[in-house]
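Notes follow the structure.
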Amino acid sequence: MATITPPKDPESDPRVKAVFDDIRATRGTDFINNVWRYLAFDPGLLEQTWAEVKAVMAAPTALEPKVKEMIYAAVSIANSCEYCTHSHLAAARAKGMTPAEQADFFRVVASAGKTNHLLNGLRIPVDDAFLMDKE
Amino acid sequence: MATITPPKDPESDPRVKAVFDDIRATRGTDFINNVWRYLAFDPGLLEQTWAEVKAVMAAPTALEPKVKEMIYAAVSIANSCEYCTHSHLAAARAKGMTPAEQADFFRVVASAGKTNHLLNGLRIPVDDAFLMDKE
Amino acid sequence: MATITPPKDPESDPRVKAVFDDIRATRGTDFINNVWRYLAFDPGLLEQTWAEVKAVMAAPTALEPKVKEMIYAAVSIANSCEYCTHSHLAAARAKGMTPAEQADFFRVVASAGKTNHLLNGLRIPVDDAFLMDKE
Amino acid sequence: MATITPPKDPESDPRVKAVFDDIRATRGTDFINNVWRYLAFDPGLLEQTWAEVKAVMAAPTALEPKVKEMIYAAVSIANSCEYCTHSHLAAARAKGMTPAEQADFFRVVASAGKTNHLLNGLRIPVDDAFLMDKE
Amino acid sequence: MATITPPKDPESDPRVKAVFDDIRATRGTDFINNVWRYLAFDPGLLEQTWAEVKAVMAAPTALEPKVKEMIYAAVSIANSCEYCTHSHLAAARAKGMTPAEQADFFRVVASAGKTNHLLNGLRIPVDDAFLMDKE
Amino acid sequence: MATITPPKDPESDPRVKAVFDDIRATRGTDFINNVWRYLAFDPGLLEQTWAEVKAVMAAPTALEPKVKEMIYAAVSIANSCEYCTHSHLAAARAKGMTPAEQADFFRVVASAGKTNHLLNGLRIPVDDAFLMDKE
């Protein structure tokens, strides 16, 4: 399926093992999903990607974790990223998204897709009231 | 700017006036933004679009209003819909999104854009653990 | 606005003049819109682009001209191409698209945008009945 | 494959059965494709989605059914929605799209994709003549 | 998988055979990948597509072949075209892209995806200094 | 134009000044383009974004700087990011992209957009020969 070859025994590389250990500790699970196993083909890219995802998604920030995962999944759906859609909806569920919230999420994403196409077709000028950098 | 011509006096049409009145009542403001003024070119399309936006975004549902606006804005950014990005970020602010939450929102959207491109390039197989319809 | 500099006097180049003459003859109008004036920065790219657009859109083919322009505009809206959205909706109008058809067009494009996002989120397996290359 | 779990016996829910019965009656076939079987996970979302698709695509409107399916498929291709591309091209064929028209459709969609990228790269200003809301 | 049916014995059509022979000669290999086998469903579309790909990608032009394949793959990733992502990364490797260059390519594509989303969200005005057609 | 308000005197914040100084030193110019002036609304986001762009685009890596800017611009065009398209084509020119190379770049990007749409429409199975992780 992939455009790169994942290493057969990724944790034999100590840089990869350190990242996998941190993923397991941060998430409190032994499960390492495929994106990390494949990214191990380039330990530097693995380290940077995990460091960013950890800082943005796992560290406490202004938005609650469940909400951040739903925003992440919304972008992934619009970009037709199959892997990211699956992994971030799974993460949202793990972080407390209820079935009713997931159904609501799909309604919002679908309506956004609809009006995005309507507005990209109508090409209506943006209201001055929305601009935050007007003089 | 637009691909259609908005009516000069939209509220002279009673169907348009009814929608505008409902927008003002629902939002508690006299401000009618451009999307509704332009959509008045087709009263049926105006009615349907407002009915859907009202039901999904203004009615109480499982997710809180601010979060729904952020999800809507996230999709709009990924679809490069300039009008929708402006209007739904303005709506999120009106519904309580703080500056810290908006900065956090941009971080999440940016990281999603990054890993969406990484995964759409690597084409890694989806983990079985993520599939909700497996037998 | 642009990333390239259009020539000040494009028709002083005989290759450009030949393309512009053919555009005027094919369309039965003296109006040369900006895309051709700017593409004149590279006469080869101008020639190839016009030859393709002429063969696909101006020559008689299985679909009627108005329908082809609407399909073209639909793709352009989904790709958020502002110039193409404007130029191909204008072309559709010039080739007979009525206001009622344009409103209908926007309804279809908007609903497609909606269900595209719903399905890209739900990731439902394609029915075998739809596959044209199954054994 | 999917991010939600479809009900095992969807028609045991009377709201789902009512939608499925209407799909069968509207289309004149017993075949219920996967999108409806999966959407049955949320009867409200199923009802709303079918009501919209029926009103826009199955009811008589200004554009003929075959043309609407092709416009729908064009948007779906640009959004890389695999399911929608398959289902709406199948619907277009069922509503009379000939092989020659389908080949023509692909030519138009491909050329639109080409010039969308060219114009999104060149960033050429839109001609005043195209703007429908200029003073 | 596909929306069209490829011919069972494509080279029995002399127009298809001529294209396949030219692909083999141009590339110096007997391998004909699926896109050409499937496009044989419409010999005219096959001929035009191969003629364009050959002229743009196989003929000597200003950019080196490896770089052109990476640019092609970058567009394909952003458009979530699975087939094109695979085929053009394979072509880039065949034309000399090293593993270090491929890892670098993924870093650039991922960072572009990130800042594209950041800028499509922030909607910052383009600097005058970047505009090539200003008076 | 923007969804955030840039600070009036960004360099009064020492964190912002440090980033601007590093941009000037890295690029050898006093010109600070708008993206950095606006990102100063959040010094942390400014620092992280510049650190990533500097590491990926300004530091010596496997690919030459000009090529990296073209790959970056290609992604930006496909994502319809107007600011990024302008800024990275300007950067490519500053790093040595010739007019002939820029014209060639547009040809490749346009052909990629074309076949991306063709293949996303045809949904042809990926050849086994392209898969790098097959057993």
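We just call them A, B, C, D, E and F in the order they show up, numbering each chain from 1.
The criterion applied here is as follows: a residue touches a chain if its C-beta (ideal position, glycine included) is under 8 Å from a C-beta of that chain, and two chains touch if they have at least 3 such contacts.
What you see is a predicted model; the values in this text were computed from it and never measured.
Common neighbours of chain B and chain D, by the contact definition above: A, C, E, F.
Fitting chain A to chain D on CA positions gives a rotation angle of 120°, reported to the nearest 5. Of the chain pairs A-D, B-D or C-D, the one whose interface repeats that of C-F, sharing more than half of its contact pairs by residue number, is A-D. The distance from the centre of chain A to the centre of chain B, each centre being the mean of the chain's C-alpha atoms, comes to 20 Å.
Rounded to whole angstrom units, the spacing between the C-alpha centres of chain D and chain F is 34. Those residues of chain D in touch with two or more other chains are numbered 1-4, 38, 49, 75, 77-82, 85-86, 89, 103, 106-107, 109, 111-118, 120-123, 125, 130-131, 133. In terms of inter-chain touching, the protein chains here all touch one another pairwise. Interface residues of chain A facing chain D in the complex, by the touch rule stated above, are 80, 85-86, 89, 102-103, 106-107, 110, 117, 125.
The part of chain F that touches chain A in the complex is made up of residues 1-6, 38, 130-133. Residue ranges of chain D in contact with chain C, taken from their complex: 1-4, 31, 33-35, 38-39, 49, 52-53, 56-57, 61-63, 67-68, 70-72, 74-84, 86-90, 98, 100-101, 103-105, 107-109, 111-127, 129-131. Those residues of chain F that touch chain D in the complex are listed here as 73, 77-78, 80, 82, 85-86, 89, 106, 109-118, 120-123. Note for the complex: chain D touches chain A at residues 3-4, 41-42, 44-45, 49, 75, 79-81, 133.
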